[in-house]
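If you scroll down you'll find the structure; I have some questions about it.
Chain nomenclature is as follows: A, B and C, assigned in order of appearance, with residue numbering initiated at 1 for each chain independently.
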Amino acid sequence: MPHLTIEYSANLAAVADLDVVCRALHRAMLDTGLFELGAVRVRALAAAHYAVADLLPENAFAALVLRMGAGRSSDDKAKVGAHVFAEASKAFAPLFATPHFALTLEIIEIDPAFSWKKNAIHPRLRATKNGNSPEDKNV
Amino acid sequence: MPHLTIEYSANLAAVADLDVVCRALHRAMLDTGLFELGAVRVRALAAAHYAVADLLPENAFAALVLRMGAGRSSDDKAKVGAHVFAEASKAFAPLFATPHFALTLEIIEIDPAFSWKKNAIHPRLRATKNGNSPEDKNV
Amino acid sequence: MPHLTIEYSANLAAVADLDVVCRALHRAMLDTGLFELGAVRVRALAAAHYAVADLLPENAFAALVLRMGAGRSSDDKAKVGAHVFAEASKAFAPLFATPHFALTLEIIEIDPAFSWKKNAIHPRLRATKNGNSPEDKNV
């Protein structure tokens, strides 16, 4: 049940394609081999109002938070974080050529004792060759 | 001070009424008897950009996070979670008839040492018969 | 890397200027002397759908979550929280004259082991007199 939420200053939409970014990070999460296809949910939330650094109008940010189920090793979490962050850095590369952009990623674990889920996508994907069962990959 | 935030893929708005969902979950939280009326805040944040599972355009999700004050028992938290999730499942029932929807709920406690609040609604409701004082119900 | 996110019911925009609020809280964070200018990111996310307290249409809320790097003392965190909350209370003062508004603030620490960041604003600000290096202030 990995959830990747991208909060971003709305001015970013003028200089980056957030659909492309979402897809790039969706791909990055699958690259790691740690997540099942049917569980990956990447989304971007625009903040129409913001105040960033020295308040220049071109200052922009993307703040990524990845919430994932507990139980993976610290090594695996570090691997996921490093890879997703590297791909996010690529996706936003033109922004880093300016002195007006900041990117962050944070991983937070979901406490399984206080988590509920119901997924109607899994059965469809697990029944086809397109689906990746977690049993085929990692626990 | 219970906060229930629903992040959802914007395509969900075409097949579900988010105002109705917010009200159903507001009701579900009050049903538990653990929350004071004036403190319940349910809201839904649309993500205009997203990448879900196998990227079919009809793939949609709702990701609920309930942040509530610490101090309740694990049993009470489990009860709240189970009830809110059951009511959310009902609210989104037509979606579960498709193979394109995923629902999650997570409960997170708020650390009272690093929490501040000011509520101008409480005095109004506590002064009337409509208000539910927490002293009347549960601690 | 302090992140301040304001979730608010969309009806608040009719009675408060969220750009002004973002700037006031940006100022409040810098006032504390604990954060570097180039790292401060304040933003507001509107919830178009919500259900608050007794469901009067004028019921509104702002829910602030400040995520900041770990390592500061509890005293410093309490000082930051109290100051940001006091300034938020001022920014929303007209709302507290009504019985329809609720404000909260929560501070959450970011686990440095699972945090990644890249900031193109820092070099620009650190190179000028406008920048505040953390070494000049607090650790």
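Just so it is clear, contacts are C-beta pairs under 8 Å (C-beta built on N, C-alpha and C of every residue); 3 or more make two chains touch, one makes a residue touch a chain.
No experiment lies behind these values; they were computed from the predicted model shown.
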item	value
Superposition of chain A upon chain C: rotation angle, C-alpha, nearest 5 degrees	120
Copies chain B and chain A - interface residue numbers shared by over half, same or different	different
Centroid distance [mean C-alpha coordinates] between chain B and chain A, Å	23
Per-residue multi-chain contacts in chain B, two or more chains	45
Chain A-touching residues of chain C, taken from the complex the two chains share	1, 3, 5-6, 18-19, 21-23, 25-26, 37-46, 67, 110-111, 113-125, 130
Chain A contact footprint on chain B (complex, rising order)	7, 9, 45, 47-55, 59, 61, 63, 74, 77-78, 81-82, 85, 89, 95-96, 98-108
